[in-house]
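Below are two complexes that have subunit A in common, paired first with subunit B and then with subunit C.
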Partner chain A sequence: MLRKVILVGLISTMLAGLTVMAQEPVTIQFWHSMSSGHQPHLVALVDEFMAENPNINVELTYQGSYGDTEDKVNASVVAGNPPTMVQLYENVITPLVEVLYPIGPHMTQLEKDDILDGLVENNTFNGVLVSVPWNKSIMVLYYRSDLISAPPTTWAEFAAMSADLTVDLDGDGVIDRYGTGLRPYNPEMYLNYVVQNGGSILNDDWTAVTIGETEGLEAMQYAESLVPYSFISPGYLSDALGAGQVAMFVDTSAGYYYNNKAAVDNGYTMGVSRVPAGPVNAKSAIQGTNLVVFDMGQTQAQKDAAVLLAKFLIRADNTVYWSTRGGYLPVVKSAYSSQAWLDYVADHPEAAVEAEAMVDGFAQILHPNYGQMRSVLGSAFEEVLLGAATAVDAVANLVIELEALLDY
Partner chain B sequence: MLESARTGRQYLVRQQTYKLGLYSLMLAGSAIMLLPFFWMITTSFKAPSEVLRMPPKWIPTVWLWSNYAKAWAVAPFGWYFFNSFFMAITTTIGEVFTTILAAYAFAKMRFAGKGVIFAILLATLMIPGQMLLIPNYVMINRLGWHDQYQALIIPWLASVFGIFLLRQFFRSIPDELHDAAKIDGCSRFRFLWRIVVPLSKPAIMTVALLKFLGSWNSFQWVLIMTNREVMRTVPVGLMSFRSEVGTAYEQLMAASVLAIIPVLILFFFTQKQFIQGVARTGIK
Partner chain C sequence: MRRPKLSIPYEWKSRSFWLESCQAYLYLLPALAILAVFTFYPFFSAFRLSLFKWSVVRPPGDYVGLQNYTKIFADKWFWNAVWNTFYYVAVSVPVTLFLALLIANLLNKPLKMRAFARTSFFLAYITPLVAVAMVWSWMYNWHFGLFNYILGLFGGSLVNWLMDPKLSMLTVIILSVWRFVGYQAIILLAGLQNIDKMYYDAAKVDGATGFRVWWHVTIPLLTPQIFFVFIMSMIGSFKVFTEIYVLFSGTPGPLKSAETLVYYILRKGRFDGTQLGIAAAASVFLFAVIFVFTLVQLLVTQRRVHYQ
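Up next, the complex of A and B:
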């Protein structure tokens, strides 16, 4: 009896202690890369979070582009003082896993099951959900509907339509409008083609490079075949669209606002459809970052507060708010059946297309060297688009470079 | 007589043609250099629909002054300008002071290991700044300067490039001047500030201007070393108009026009010294 009393007393004390701890003011740092377009919506969400949790103060800090944020996070980890929470790509998270505070173990099974299936795998490290998806987008086809009545649905249609729409409008011998546009350094675009052709970068257990097989080579050759009909520029394709230089292109759904604005501002109309299907499927790359919580000197109260914030940001109502204002896509299943999302889709048909593509999307692999692999994938694609190498040579070289990165 | 008059006329014509060609070339060069500024200024007044029109629309249909108000409201630019001025002015004054002392020592004084120390200093110029970013960040953190003005100012109070530039200039000042001053009882320190510095005004102005511009445009260092909005500078603020998927060009250009005004004013008042300094120190 006494034992029971003592046990109950201990539990009560611990719970009371936890409650007190929860009430104590705690400040957390959240580093992000959301510039002026998205920042006000993020600020609104964080303000709402702080109103719901008055003991938590969130210091929201813009750290420049994703690359700048990555640089700063890496520097802060070396210095031993990373922020409490930050948004990062999977390939940046992989080498940091050991210094992260896994979010998954602090979520209910219901909450974890609610995350879109395609987004769970690439946030799970060694069987543990370490990070949670946040500002996710998917690659879709943008096309000028004033030029294209029915968007292409297959590689063959896309190539044929790109050729037809590449024209010298004023007859001066210079092409004024290209059928499509490609950014030369774009590893995800090449991966789209590889996956749509049934290929992959590595085999399932990451022991061999498979991109050099027929599927990977054909994917690169397909990109090569598009070069004569492509406006190739490292700049934003929305700029080329606005300038009337491209008729259609594949881009992230997060670019909808800028792409649509460029079209409308210049008197065009724009449509959105799934990316044209390859011989095997019409999958496209999921893009965007995830939320991580650091475990490098942060207090338990800070880590708990950050987990609470991460869960708040991916809650159905908030992920819908974020998506409908920021051009991203909801990351939890329940969001797609919410009235707010259904109302939004009714007014924005492109969102339905994007959502469909998202559910069917593929994510980055979590190989610890994927950051470097991504870099060589992008360089190989760039060489082909800029005519510095043939598809055959670029893929052969790519295989050698990837093999050197297999071990970790 | 007739022959010599004809030769004289031909010479004049040749001279005029040469001048015409030269001025045309310079005019064309100036136009090319000024075009981006012209685009920046006119774009800062354009409606978004006119920014990327092809062929380019050089003059806005309606001059939208509101772009400036919108741009100013995006981020705390008041703080950014204050910080940029504070950082640029303090680092410039500091660097000029330390650089003069070090350059004089390397140019005119004799001490053990002078050549080796100078070579080591020059070798640091070969290390890419990116490589030093993380070690510098760690050091700044250990000093407790992260997110403080110390981090933005103190590491930039000396410059190897400035030392090298001034050393070269100081070396061209005859040693006899120092000997004469010494005979008159002038100390080294007094000789430096009363004789060497006034004689080296163009080179010092060049160092100062390059430093001011470098500090004013500093982006990555400020971004990495600060967190609070109130500690950041104008170039970091300009990033606010860009994202991974697009750019608000008209607002970015409006903010850019505001950002270059102080530099233009500075150059306007110091261009004579700047040009002299560039010409005489051989940095072209």
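Up next, the complex of A and C:
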């Protein structure tokens, strides 16, 4: 199966490349948010693409953070002059769909079937695969393996272990180490619990808010029960881990390098496992962006070339290359059975955990107001974590605020 | 009663007047062009945008009249931002000005290493704000911060400066006061050095000393500088943003306790681009507030400013 997919991918890329080669040279712009750590690997991939397709020139432009890139893309769309290809989050793609060139219709069924199922759904707008997933990460459990021999696998175990690991080491009445850490501005921590409890933010057709139902409320109450044993941090928890202030926490796999460095630099050892399972499942949130091609003044040759680049970047061998160097995860199924990935996993056992979680992950909803919804989710989560509201009150207010954002 | 004839100003009849005027406008043209593009056009666009439900693909979207204004006035987070902004302005402006006055007075005395002292105070203002805010965020750190260390030396308990909603605006105010006091002190110092010695001699002759001289001679003659600093400080304070963004790691503080109007505008306008009309409405509101306050200040203080 793997060989078939790679063969089809290579042949279709070459055929498309030959078609493009037969035409005039074409230049496309690819705006990205990959900073210094990731950029060399992206440049290497794009150089390889251009070597395979000598008539295509790719202008890579770093636009800053995801937020900066989104601002610039929106401004360029208003100006009527967007780049050929960009990486964007799903909620930013939704209002732009009508000016995008769908990538799916230019892929073979085999190529589309090869994309991880949850990610296909997440890039499908009005029944069409408009964009393709690219740099994806999954939420996992980081834990200090010098303190925890067997990581928790259920909500109950996680809560009990968090309580046991919360200690005042020097007896001065101030907690020196918390069992876990929670980040108010990372509502994905709360969404994990919602989905693991069988809940959702909205119903399927976005006409009603469902997070206020039993599943969503119980998820918030579970988070509330963890507060006494949690280090509450506005920023990433790697600093707290390195300072010995937390024993374990759930966060994105893309932070592995920073978390591991913080642990190792301070004499600890760190392990990675699946997030503890909830009553219904053990899903965790998938984060990261997707590739889109614009259809707003671009020539057909430019659009075809950009589609070719997108397919190249998610080809099994290339998504493995990108993932193993960038801290992301492959976005196509065939990549997970490739020798390159298997060799990588043999040396990096955390990758196997992340890969298993990825197949089972859930992505953000496509509602055009999701950015604002996420902000509101974060506020409700924050109120509970800081003790400003009970779970019941916070969820009740959350429902009201989300209902105000249903209309778009 | 006969109506007076409309008369053209005498200088308008002069060819050289028009030549000089054209020359002057030509010199002003580059600056005016930049201002027109980057200040006047966005300024008027904000008014227009505030009346539309923004659409990225079909700008400016659907006309909704004053709906964006009713939405922001019905948003509890908008009023939270208004309250935080007014709290910040009400505390930071007078405190900074008062401390700047004291420091300017000290720097005006014949101290040893006076030049070094003046430079040191001004350094806070010229150091890049992002770097300053990053260092201060570590100084405020609950476990490792300098402030909690000092508190501990005096037997105080640890204060969660950056995660306590009741303290978050105070942390921003302390940082802002530290940052701007030197700049304001330098301006006031220039004013102090510009006061004619004859006023002090006259006061001395009348037997006035110390505080009375300061209150009845120095302060009235310093009012032009105080007025300038006060207005500029107030206008700038209404627009506070960067300190908050960096101190709280890109968030508006715990429970949005440090979210000011500018931060609210950013939050509404940035995340997914569909709320740009609402952000524009909030920015028009901010403009109106600053305009009214500045006007009131001008009317109230104009008679109290004493020009030499």
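Assume the second predicted complex is superposed on the first by the 384 of 408 C-alpha atoms of A that agree within 3 Å, B and C clash if a C-alpha of one lies under 4 Å from a C-alpha of the other, contacts with A are read in each partner's own complex, and residues count from 1 in each chain.
Here, contacts are C-beta pairs under 8 Å (C-beta built on N, C-alpha and C of every residue); 3 or more make two chains touch, one makes a residue touch a chain.
Keep in mind the model is a prediction, meaning the values are calculated, not measured.
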Looking at A:Asn81, would you say it contacts subunit B, subunit C, both, or neither? Reply first, second, both or neither. first
Going by the contact rule set out at the top, does A:Thr61 touch subunit B (first), subunit C (second), both, or neither? first
Going by the contact rule set out at the top, does A:Ala243 touch subunit B (first), subunit C (second), both, or neither? both
Looking at A:Ala388 after the superposition, I want to know if it touches subunit B, subunit C, both of them or none. Which is it: first, second, both, neither? second
Partner chain(s) touched by A:Asp71 [first = subunit B, second = subunit C, both, neither]: both
Between subunit B and subunit C, more residues of subunit A are touched by B
For A:Glu354, select first, second, both or neither according to whether it touches subunit B, subunit C, the two together, or no partner. neither
Is A:Glu111 in contact with subunit B, with subunit C, with both, or with neither (first, second, both, neither)? neither
Applying the document's definition of touch, where does A:Glu215 land relative to subunit B and subunit C: first, second, both, or neither? neither
Common interface residues of subunit A - those touching subunit B in one complex and subunit C in the other: 71, 74, 78, 243, 245
Residues of subunit B touching subunit A in their complex? 47-49, 51-54, 74-75, 133-134, 137-138, 141-142, 146, 220, 223-224, 227-229, 236, 239-248, 251
Sites on subunit C touched by subunit A in the complex: 55-57, 59, 143-144, 158, 162-163, 165, 248-249, 251, 254-256, 267, 270-275
Subunit A residues within the subunit C interface of the complex: 67, 70-71, 74, 77-78, 91-92, 95-96, 98-99, 174, 184-185, 232, 234-235, 243, 245, 368-372, 374-375, 379, 382-383, 386, 388, 408
For subunit A, which residues count as touching subunit B in their complex? 29, 31, 33-39, 59, 61-66, 68, 71-72, 74-76, 78-81, 236, 238-239, 242-245, 251-252, 254-255, 257-259, 261-262, 265-266, 327
